[in-house]
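What follows is a set of structures for review.
Consider the two complexes below, in which subunit A is the common component and subunit B and subunit C are the respective partners.
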Partner chain A sequence: MALSPMDSPRSVPGPAKTLAAKTKALAVQNAASSPLSSGASTPTEGTMDLAEQMNDQTRKQFVTGARLGEGTYAIVYAGHYRHDPTRLVAIKKIKVNADYKDGVAMDAIREIKYLQELSHPNIIKLHAVFSTKDQNLSLVLEHLPLGDLEQLWKNKDVRYGGADIKAWACMLARAVWFCHKNFVLHRDIKGNNLLIAADGNVKLADFGLARSFADPFRPMTYNVITRFYRPPELLYGARYYGGAVDVWSMGVVFAELALREFFLPSETDIQQLSVICDVFGTPTEETWPGVSKLEFYTPPSNPSSRPQPLQFWRARFGILGDDGIELLRAMLTMDPKRRLTAQQVLEHRYWTNAPRPTEKEDLPKNGGGAKVMGEDLKRRGGEIESGRADKVARKLFG
Partner chain B sequence: MRYTEDEVYRASSQFRLWSFTAEQLAAQRAETNKAAVERVKAAVHRQRAQRQKESVTGSESERNGSGVDNQAVNGVQKEVEYLTVAEEQKIVNHLAETLIKLGEHFRFPVEVVATGIQFLKRFYLYNSPMTYEPQLISRSSIFLANKTENHHLTAEKYAAGFPKTTAEQILAPEYLIIQALRFTFDVRHPFRGLKGGHMEMMAMAQGQGIAPEAHGRTAAEMQAEMLYLPVRVGGAQNRMTPEELASRITTAYTKASSILKHAAILTDAYFLYTPSQIWLSAHLIADEPLTAFYLSTKFPSPPTSSPQYNKLLTTLTFCKKLLLSHHSLSPSNSSASSEDEMKAKEAEQAAGIGALIKKLRHCRDPDKIDLVKLNKAVKRDAVQDGQLEEQKAKRRKMEREGFKKEADSFWGPELPKKE
Partner chain C sequence: MSRPAQRVGATPTKRLAEDGGESPLSSGLRKLDLSSRSTNLSSASDICPVCKSSRYLNQNMKFLINPECYHKMCESCVDRIFSRGPAPCPIAGCKRTLRKVRFRDQTFEDLALEREVDIRRRIGKVFNKTQDDFETLKDYNNYLEIVEDCTWNLINKVDVEETEKRLQQFAAAQSQEEAEISGTSGTSTPRNYSTPDPSSRGLLKKSLGARHALDKSQSGASTPGANGDSDTLFTFKGLKKRIAPPPEKPYDPFGGWSTTPEYYVLQDFYDVGDWLNKSRDDPAHLAGGQDIRDFYTRALCDAFSGFGVFVEDEVAGRTPEDPVIATENAAVAAVSRDVNMDDVF
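Right after this comes the complex of A and B.
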């Protein structure tokens, strides 16, 4: 595992790499010319050091356009490459937080750190990073114009079926698997962090809460993940956790796609736990060994909730089929040790059983208006529209 | 869905931006040095011209913060002596060693220290100590490493661990460092690989090893072979009890681990080799027959008939040589030499560094001395809110003098004061 012949470190051409290859890598990476080849010996540009010059070159490559939106720690602008206005990007400019006294914001550090390492078709691509004169960091990201998965299920003009859900969920599962393979926890998986590219690809974005989980003995904060998507172990205050937290969130997103409604909405952390227990039953030492040792665990009061029967799932998630329901329930297992890993999720037969996931070009799209509707009419018949499950859920939680 | 460690490493920024051949590394350092010298030269010229103008008008006020000492005595201009690449390296390496002590003092996790040292080394691949004061950069590098490794520490608390140091001073170079790091924060260390390899060897020793199919040896066969491993390569077979074998594996791990925490992070190993190559080389130094056996289980038998195996071995031999070149592993550092000799050597080294620091003081880039001021100037230019009140300017000048003096005293073996 640590070293197989295939993985022989010598087959990594790092030390032996050619200068040309290196230069290319640099150009691709930060879109700045390589310091190894750019005649660094003529530092003529005023008092700028080499790194400042490289940064300047990167910055000049992009043109910032209209404001697209504002998040908690950044403002996102449309943008494009200066030399080619058809190559669109999104420029995420980190806001200055006056209350944070320790320099560059941690969200920015985390997002940059992990996006620099993770290169995968279902993870948002980081083209470059630069800092502006006023020392604000800007991330140049892949342009993802078709909204996000939450907008998609909320948009009643968009109709979709089981094969489409399978395609979206599969892209999500691949992204999560890849993160975990790289020992990265995302810790904020939810519909509106799953952006949609022009070609229909789903991309996991917003790595501002991500961290490595290589060291199982270092405690972590339990105060992560947006509440509706937060797994029970974090609500109970677990400080040692792993990939299972993301798998739970992924399960909730999967459920929402099917329901077209929030699956586990609540107003407070306490209420979140009771909403979860209403569906999955209150955990005990028998159903989840070790749960009683978690900081905020309280033994079930009388009468304690019992898990909902299969019928509950069939009534709401029929659109997923029996194997889809089985997968969903396995992702939403209360005990994180028994919850599926991202690898096991991908190995589930749901993905290969009929129906085949929709090709990404054919997926229904957000915001396409009449065009989307038109395309939708051409779609194969027999697809279940998931509005029915939606009403049931509303009755349950409303 | 097969996704090998090799592929993971190839995608990493460490591989893409921070891996070099020895020649590339040397060439880049020469370039950086040359660029820095030219910059300081230009700045010195500018300053001398300015001074001449000032001496005509009688103004002495703006002399503060000059790195190039006033060497124009009675109009005779002495040529400035600049640091060579080798001297720059000595200074940076000295600072890196200081960071290990600093990490112990603050009880930072090993990853934080190792990452901070790589940040420092990466920073000085594209910058010269003549441009940016290495002591300030090193302190800030390790602070940044605390952030990137998710080890919570406030700038204020950290600064309080040093004499007369403010959070502002710690944070001032952060952007410079982040830029020089080319916005990559992830450093791949060999620690986890070593742990994994160690666990694998332990499993093999207990008859639970798994060799690739092509290799064709059973777990029991591997265990049996292991129990007869010679003490030295080419030495006689040496029958061990399972307990003796287990303790031998643990001893090797401990030694390799200590090499990873010193020689591996203080040499250029991270620039030149992959994390697996580094931990394997350290393990080779710790116990060659054991490591050779472990490697042999990864290739079809006999391994020497595999070109990949031979290539790997050659690489490991070079890496091992590099690690052994570090003074922490030099023979004179072991029991052979007396305490006095060691002390004499340390003193000699300290004197050598002292002389370099003195030399550095005469060839610094005067534009880049006060990083706090520089940082503020950058921000100020950006927001166009121009003027600083007299009071602030005065306070800043005092701060500047304060930390210049303190920087002078730092260079000894002195450590930050206890919190």
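Right after this comes the complex of A and C.
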């Protein structure tokens, strides 16, 4: 899909790039199914078939360095290209998962499937994929050493202003817009998954929960997206949703950048819904047509809360200005039909109004370092920092 | 001044103590250090040439100099003589008028050196071209030669008047050029060097020479060229013309990526059967936010993707620097044996 003629950068129409992507994709596919695909082999040296040879060749391109971090799901190593040690990469080695004995973990499949197709400056780049002898998959990802957006707003030593927030939010919006233009739902947008490259670019990472847009009458799971960033329709158990879920998450990240604290924190899914209703008002059939038909909808027993007035937003998000507040509220609309699409978000006048977004090179930086990148990449989708990941049920099918 | 020298001479024990913890030895040494520094600055033989007061009489005596004539005198003399406004230098034979504000500490013991450094600093502010401003290294070296000649003249008092005049004219020409550039770029800089109108107060503060140079440049008879022409009495060969930076482009939220489909126009509604139409009205789809237009977009995109992609052109346009990730075998196979590459997606 990334190869389609419509979504190419205006400046570079590079046909050569496309072929490289195709050959890469072939390598990726072969790497993923190396033990199975022996049929397409041509007689070659030794006992290795073509797929194994290609896998070998890909693997030999990279030198694995120090271990940066280890999680339940993956181990992250520093690395670089063999022919050019200045080109750094991060190698994410996915552990053999007990849940998927006969194949590759779904997270890895999703990540490879979507990252190999999305090529955008604000989306983490997947250089290659190879497997090692013990059937472990290794993803060669872009080296993003400067931490993530959540660490940035948590670090009180870093000071930033409205123009910086605008620059970061715009890069996030571009990434989400590009995903949606290519019919990919990310479904796990949060500050933790927005890594910062050495040049200041924000890059969307962790496509472990991503999927492509579903066809009508093809249900999807509602148990995705880290809770703080989960939109109300998913909390109500909607099974037919679209890009609006990512826009909600994007809005929450945007709000967190301005607040420098979690905007909608909660302990449980029910509490999350009540926190949302406290701010945006309890949804009714008037404000959100069809909400009562959703699976987990319960009519409000206690007197329903009213949406917070503009004063509430002005007091908290003054740094964004009136346009920013308007955009934020439009991104955080309860009714997904009335919520802005990613395209509309980018068309908003907030981006072009003063102040002009900071150039990416001049953005405030957090000295994250390689260690932090390791921490970020090893995480599994949908996990919350506190380490109570077991509470997040992960229904990946359905 | 005396600090680095002492550091070099310091014993290893002292350095250790300085880096790390406090010890009786180190504190003792530090006291020594302080005392030696103060003696260094104030030798007992210090006598003010004006009031003949010496360090013996006044422990806290401090000497000041004025870059006008570099004659040294003590602080109390400066207060006494210059508090009521400018006055001539009290040193015999020096008739220069000095002002109190310009008196300062001296940095170097050698006053000749002090003067040379001041002159070089002043010249460096005016002649601030870098190698990038010149076409060739030779031109830059020639420029440096001229600058050094100018400096030499001022230091050794050769043709001082003439040199000063040239210097001031060059400075005026530079600032005018600066103003022109900031004027054309359309941005209003906070420090605007635009030529002031003659009645403005800023001009009154300028020295006579600068005023003269400004008048000359303002007369408009000959506007100085970018290469510092005859008007400034300097000719620098190979000096590049300074170009105003291009105005900042409006911010593009999309970052230069386009989305308009080339081969089709998307409609709002396609009547393709009950199955699809039903989802338009299905409450579950409506409340969940699934958009039928996404489906239309996707179907059409899928139908038209691959249009305008020609394998032959891509192979021909391939460069050797291309990061080949798959094997060469695969690339060859993709071309020669008509393998449908799109199927891998």
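Throughout what follows, the second predicted complex is superposed on the first by the 316 of 398 C-alpha atoms of A that agree within 3 Å, B and C clash if a C-alpha of one lies under 4 Å from a C-alpha of the other, contacts with A are read in each partner's own complex, and residues count from 1 in each chain.
The definition used in the following text is that a residue touches a chain if its C-beta (ideal position, glycine included) is under 8 Å from a C-beta of that chain, and two chains touch if they have at least 3 such contacts.
As the structure is a computational prediction, the values presented were derived from the model and not from experiment.
When the two structures are aligned on the shared chain, A:V104 is found in touch with subunit B, with no touch to subunit C.
Legend: residue contacts after superposition of the two complexes on their common chain; A:W288 is shown touching subunit C, with no touch to subunit B. In the superposition on chain A, contact of A:M54 is made with both subunit B and subunit C. Once chain A of one complex is fitted onto chain A of the other, the partner contacts of A:A214 extend to both subunit B and subunit C.
In the superposition on chain A, A:K181 makes contact with both subunit B and subunit C. Touch criterion met: A:E117 reaches subunit B and subunit C at once. Applying the stated contact rule after C-alpha superposition, one finds that A:A238 touches subunit C and leaves subunit B untouched. Shared-chain residue A:S131: touches subunit B; no touch with subunit C. By the document's definition of touching, both partners, subunit B and subunit C, reach A:L346. Shared interface residues of subunit A (contacting subunit B in one complex, subunit C in the other): 1, 3-11, 14-16, 19, 22, 25-26, 29, 42, 50, 54, 117, 177-178, 181, 214-215, 343, 346.
Across the interface of their complex, subunit A is touched by residues 1, 3-6, 8-13, 15-17, 19-22, 24, 27-28, 31-32, 34-35, 38-39, 109, 111, 126-127, 131-132, 143-144, 147-148, 150, 154-156, 167, 171, 174-176, 178-180, 182-186, 192-193, 196-197, 200, 212, 214, 272-277, 280, 295, 298-300, 306, 308-309, 311-312, 314-315, 367-368, 375, 378-379, 381-383 of subunit B. By the touch criterion given at the top, residues 1-12, 14-17, 19, 22, 25-26, 29-30, 35-36, 40-43, 47, 49-52, 54-55, 101-104, 106, 109, 112-114, 116-119, 129-135, 137, 177-178, 181-182, 211-212, 214-215, 218, 343, 346 of subunit A touch subunit B in their complex.
Across the complex, subunit A meets subunit C through its residues 1, 3-11, 14-16, 18-20, 22-27, 29, 42, 50, 53-54, 57-58, 61, 117, 120-122, 127-128, 170, 173-174, 177-178, 181, 183, 213-217, 233, 236, 238-245, 288-291, 293-294, 335-337, 339, 341, 343, 346-348, 351-352, 356-357.
In the complex of the two chains, the subunit C residues touching subunit A come out as 248, 250-251, 253-263, 275-276, 279, 282-292, 294-295, 297-298, 301, 304-311, 313-315, 317-319, 322-327, 329-331, 334, 341, 344-345.
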